[in-house]
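The block underneath contains the structure these notes are about, expressed in structure tokens.
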Amino acid sequence: MNKQDKNPGNNRENLIKLENAGLTAEEQQLFCDAVPVPYEPYSLEFVERFHNWIRANSLWVLAFGTGCGAIELNPLMTSRFDANRFGVMMRPTPRQASVLIVAGYSSVKTLKRIIRSYEQMQGPKFVIGLGICTINGGMYYDSYNTINCLDRYIPVDLYITGCMPRPEALLAGFMELKRKIKAGECDGANRYVKDFDWYKANQKKVIKKWDMPDYNW
Amino acid sequence: MGYAGLQLVNTMFMQELCERMTRQFDCDQVMHQKDDLSFLRVDRDRLESALMYLKTHEGFVHLSFVTVIDYIEDGFFRLNYMLYNYDKATNIGVQVDITRENPSMHSIHHLWAQGWTYQRELKEMYGIDFPGSPRVDEEFVLEGWDGIPPMLREFDTAKFCEDRFAKRDGRESQDIKQTMRDNLYPERGES
Amino acid sequence: MNWALSIFYYIVTVLVVLVYGLLLYAFIAKTMARVQGRIGIPIYQPFLDIIQTYGRRTAVTHGYMFDLGPVFRLTGGLGTLAFIPVIYGSEIFGNFHFAGDLLLVMYFIFFGQLGMALGAGESGHPYAPMGIARGLAQMTAFEVPFALAVIAVFMQYETASITEIVAAQQGSIYNWTLFTNPFAVLAAMFAFLGMSMYPPFDLVTAPNEIPIGPPTEYHSAYLSLLQTNRAIFAGAKLVLFMNLFFGGATNLPIMVLKTWAIYMIPVLIGVAFPRFKVENSIRFFLGVPTLVGIIAVLYMQYWGTV
Amino acid sequence: MFDLKRYSEAELESGKFTKLWHGPQHPGITGNMSLELTLSGDDVVECKTHVGYLHRGFEKLMERRTYIQNFPVVCRIAVPEPTFNEYMYAAAVEELAGIEVPERAEWLRCLNLEMMRLASFLMWLGGACGSFGMSTVYQWTVTHRDYMLDLFEEMTGARIYHMYISPGGVRAPLPDGFSERALSVMNGIEKLLYEIERVALNNHIFKMRSQDLGIIDPEMVDPYGIVGPNARACGFKRDVRKDAPYLVYDQLDFEVITADKSDAYTRTLVRYQEMHQCISLIRQMLEQMPTKGSFHADLPNVLHWKIPAGQTYVKSECTRGEYGYFLVSDGSEYLRRVTIRGPSYTHAIAVMEKLVVGVNIADVAGLMVSLHTYPPEIER
Amino acid sequence: MKLKDLTSPFYVWQRAFEKPYTQSKPTLNREGAHAYRGFHINDIEKCVGCGTCEEICMNNAIDMVEIAAKDSKKGDSGLVPRFDYGRCCWCALCVDICTTGSLRMSNEYTWAADDPDSFRFTPGVDETSWQDSEHGYRRHPEYDLLKLVRPEMEMLSPDEGLKSFDEVVAGYTHEQAVVEADRCIECEICVATCPANMDIPGYIRAVREENFEEGLRLLYDTNPFSATCGRICTHRCEDDCTISTFGKPLAIRWLKRYIVDQVPAERFAEILNDEITENGHHVSIVGAGPGGMSAAYYLRKKGYGVTVYEAGASGGGMLRYGVPSYRLPDDQLDKDIDYIVSLGVEVKYNTKIGHDIEFQQLMDKSDAIFIATGMDQPSSMRIKGEDHPRVLSGLTVLNDVASHKDPGVGKNVAVIGGGNVAMDAARVCRRLGADVTVLYRRRIVDMPADKDEIKEALEENCNFVLQAIPVLIEDAESSDQVTIQWGEAEMIAEDGKRPRPVLQEDRMHTDTYDSIISAIGQSGDFSFLPQEISDQLKQHWGKFEVDQRQRTAVGKIFIGGDIANDVADAISAIADGKNAAIGIDAFVSS
């Protein structure tokens, strides 16, 4: 994937200036600009493969109902479909979660929280875009308050289409995600580091109230 | 008395009420939409007293919602206060026209404890000011909004979207008439 | 006995208890899932989870205490286990023992919690101190009946060595503290409900109120340590209760059976009840369980003759 | 009357109190909203609600779409309970356009609405138990709700967003054998409800937690515009289904359920009884429903459907109370203005901010759930 | 505190001994309900690419795209919908509104992929796992978003109609017109079918919006014979109307008529506002029929000086002489022609080329010549005795009636043929009080005449004798009568071709009539053309070969109308006229 081509401003100068930009250096540190640390895979390949297998079978999903897709996460996680038996579990805190499900549309206000949650998650981390709204705006393609393409703001590893995707489709999505993790194809977190400036520029283009503390320690 | 009978009584109540309101508050326009719903137009400055009267004397204790309709062509906002009378099972919509320039309206938060939420929304979505209403200047549903209030008619959400949120490219649709012309009668039919 | 060999045996014990603790956890989770009408996690899932958290490639720290918290916690678990004979009379699973080891074990039980409290307190997340406050408050409360029960046991067996207490219960089922000193057991089991973090006493990690609680900020390898500790500590606790009140175990199957049965008691209640608030919880522990504990002590003082 | 603030703004900001954000990423919050709590110890001294995380600007979007295009849009407004939106929108459009809906369609709509109410209540009941820590009940109810969704899938072709009630009628009649399957699901749910009564409603700790929590004073009901079960639980006999019967409710046999004290427990109890009432209504409807006849009125060409200028307000009783659509048309192909009045609007903001003061932090989630609010309908 | 409150919660454990709720099989891809709204399926054989799905989609999820497997043709744009599953919300409005029923849904719903650009597909073209799915949402047969029924138009009853030459069709009332116009889905498929490529959706919209002035302008953009076409057009557009798959096609012709009827002739100039700037060039047009006059109109609008040479005494050509007034009243035709003439077109009546003026003279004085003489020579039946005095030509009969002369057909008439002329002749004869028998070689479905005309002829009690091949015409016993021998025919299809009538020699009939009207076709008379020009112009099956803009091998000469196109109807002639005007303009200005 030639990501570089899609990045219009891959140098730091091109970042969009916001109202917070004129602050003193000390205060400016409060606002997220620090590039997160990339992580290396294990140096031994079989160790990495083993860990990938483990990661695939222990997916901790952040319990954040960002949009209407969350309504189908309820049946998924409960008795009827019981995703627990596939190693999919809900974690209430982003620090511990490894999968972020962006459940449908995200309003600008929520996007900020999504980014914040995403940055607090520890790598390797995976993002599932649920429903049409994450792919190309869906129902709300012309709404002034919802973003259209999620992958411009955070790296997305898998999309599941549908409105809403049924729990079965979600399960199938999880199976696909497992397959990808096992194959070592999910490098979203490192992509985020690599194209950090591009992502930040896009984020700042839509999020105008940028009082985001630095969560990339 | 069955429902139909009740309704007849309510309709009569409604008509009498509208007459009373017209006498007392000079409502210049009365519109009966259906048996249990009428709209009254009152003057901007009489609104508070009209609402107070309806609430305390006529039993319209329930404020369903406050909303506004933007008549950009005629240059005014029409505020609409929907009240409900549980005993008579009738709705009445009290409407006020206010100017679109520097719009401002008397707050009703002292009449209904929930009134301020609606006013906060109207302030954010239409820029109508309600002096004295609690937290009216705080952000309500939007965050960091930097344009004109989005619910105004002149705000073009599609264009805004285009400017701000990237769309996925590769989408193009062909016009049917043009395609058929190009394929079937390329040189005919033009004028 | 060679000290190196006993340390080796201890390590073996720790590993066995770890594996057993994780399996027991998964089994209980499956049981609860069953009540909820579903199948639940695979039995090996806890192992995967531990390796998964361990295998996270990034981590952030909030300071030295934050780093030390899980270490203290694990130390507490390991220390607790070190002085409890897992299987009575077994050379490998006998662990260290000396005359006052029960007191040390009691100490270690709190050591972990306090260490955790310090660490989590530094994490900076508001839910962590809130969880700690709740946890410590509740712990203090259930400690009262538990201490009373242990005192009653001291008085009964006139020793503070767990091995000797177990030894005294051998021979017949009627020698178990359960039958010789039922009030103490009752009081201790009430405390056990509080210790085991199942509803109605799961308010430390109450997911709908303060998600996860103290370990909110813990992740990656930190969390891995905490998970390891949870298995070991749960195993140690169960074995302790088994030893003190249910006659201990002379072989592995009996140990498994007894600990499982003890574990099922909070689970039995847990799935059926919602969560207490912290003041309800304290009030509860300082009520009937404390009373029972006092009765147990009085009983031992005035009537208890073995 | 507005506010019973015990602390001034300056005091709140003084650092004397803990600030805690409850949500939006929090398992104890319904949907995606947040409460900014100011705590003194474990007690809440002040609360500000923050909504807008789900704001999509429906009212704006609907002004840009034709009348027929709006009908798939509206159901997204209240995610767990889309059908009421479909019905309200259809009813408003029909009223302004002067369309007479066939009788069979009215029955089908009514059935759909009652099924939706039951499904929504099921999810809510699970959430109410779950918020106090009884996740077992939550698992059961969500599963049984899913059986309801299977019925919806059969009836309407989709699980969540049914898009079944279109202006003019409904899109399809009932499939063959539907009522047998529906009745068997109803029997299952009834059995489940009795189980839940034993397990949760007669549970000592559940009662302890929820009784006397978040009491709605009868004095509060009118100023705060409290409606639905929240108001009924403190003795107000108010139900749109009875006050101004719509659809076929006047042909069905049911009573308005009330109680005498609106705390979290009574509200649960009232809703619990309403669930039984729903089952009874669904059974009645399946029995009495006409099986022949047209189910959709003739519409003008929907691609350029113009509705004469007018304004109307239609309302119905959803699970949370009075749900209404205020629709203004101006004679063009697009509507002029629509305002959606959701009961959560006041319940989740004004009422919540008042009730939560003085409540233990542990009970905030329970209180929030007991008011039964859906954030997506607040901000739309 | 009640003890029961402590004990009854343990009832939860009962659940542990029951079967779990969890659906263990099939876990993935559980089949959706039979009417589930899953992924789309499109039958591209049926799909005509009308784009209604695209129009109704509130999410802009549908693109109309060209595909390799399908070409544009009349009644089918060749485009198919492509779905963007980053937009679609599965509301199925596209399925509900699909005019041909080609679009439906499967009950598949699983699609997960990592490339956000991959969620686009063209159902029916791209390989999908659900394309053969049997279940899934379909429009319920009793539920229509399309308006399938036409409002009934008031017509003279057949009995009434027979009494006079008054117009049979009353035209739409205002309400009917608006209701009918409202049925249009504006797919624009019909535009390609219309020989003149009129902006049909545009003027229908004008009717809907009751903006008749705009409607008239749209009409005159492509067709200056709107009043005429609104009555007698062969309305091929209606055959391709996408509504007609499930219902009645739109009454496009009547709506056109409705527009023109709403605007009085005096206001035409004011509304159309045709400003003419003379450009100094001059064009001669041969024939004042629809083709010629249409060319004259558009050329005049471009500023050309136009002279039209007409052999007859008045304009309109076949419209005047070939179409009876109960279908097209003369005043309506005059309305159209008068407007064209009013723009300054010079029409020389009773001027026959080659007789009154030489063709070469036109060649010399004009910058270009447009020939649209039409086909006014009846074709021969090529049977023995067809020159019998009681055998009349259909055209002659119609011509006589149009000029208020008695054609003298008698009381018992046979009409031979199945075209519009035959139908008109038959119906005219009925109005003259005769009993009419129509003899036709093929079946009723094969008749080239308008469906409406056939229907009305049947209603007016014309006796149809089908699959009848005339063999011989002889003298009858009375000199006022004539006898025809005809044989029954069988329709025999040979190797997949169109079935052909084959005479059955053993089933012959002999009938006697007062007169026989032969109306089996016409041909043109090109004797006025000088030989050298005539040689240069290529002919094929009696028609001149021309290109899209009516150009011929001779640069200056443009040919259109019946003598150049295959369909030979008024609207094609009008279209030819307009295109010739464009061609001439291009030719002259180059």
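By written order: A, B, C, D and E. Residues from 1 in each chain.
Definition applied: a residue touches a chain if its C-beta (ideal position, glycine included) is under 8 Å from a C-beta of that chain, and two chains touch if they have at least 3 such contacts.
This one's a predicted model, so the numbers in the text were calculated from it and none came from an experiment.
Common neighbours of subunit A and subunit D under the contact rule above are B, C, E. The central chain of the assembly on a C-alpha centroid basis is D. Centroid analysis (C-alpha atoms only) places C farthest from subunit E. Between the CA-based centres of subunit A and subunit B the separation comes to 38 Å, rounded to the whole angstrom. Each chain gets a centre from the mean of its Cα atoms; for subunit A and subunit C, those two points are 37 Å apart. A straight line joining the Cα centres of subunit B and subunit C is 61 Å long.
A separation of 54 Å divides the Cα centre of subunit D from that of subunit E.
The residues of subunit B that reach two or more other chains are 141-143, 150, 155, 157-158, 168, 171, listed in rising order. Across the assembly, subunit E contributes 9, 11-12, 15, 20-22, 32, 60, 84, 86, 89-90, 116 as residues in contact with two or more other chains. The multi-chain contact residues of subunit D, meaning those touching 2 or more other chains, are 26-27, 52, 55, 57, 60-61, 64, 73, 136, 139-140, 143, 161, 199-200, 203-204.
Applying the touch criterion to all chain pairs gives A-B, A-C, A-D, A-E, B-D, B-E, C-D, C-E, D-E.
Across the interface of their complex, subunit A is touched by residues 33, 36-42, 45, 48-49, 51-53, 55-61, 207, 211-212, 215-220, 223 of subunit C. Subunit B contributes residues 141-146, 150, 155, 157-158, 160-161, 164-168, 171 to its touches with subunit A in the complex. Every residue of subunit E that touches subunit C in the complex is listed here, in rising order: 9-13, 15-16, 18, 20-22, 24. Considering their complex, residues 79-82, 85, 129, 132, 135-139, 141, 149, 151, 156-163, 165-166, 168-169, 171-173, 175-177, 180, 185 of subunit A touch subunit E. Taken in their complex, subunit A has these residues touching subunit D: 62-68, 70-72, 74-75, 78-80, 90, 92, 94, 105, 107, 109-110, 113, 117, 139-140, 142-146, 163-164, 166.
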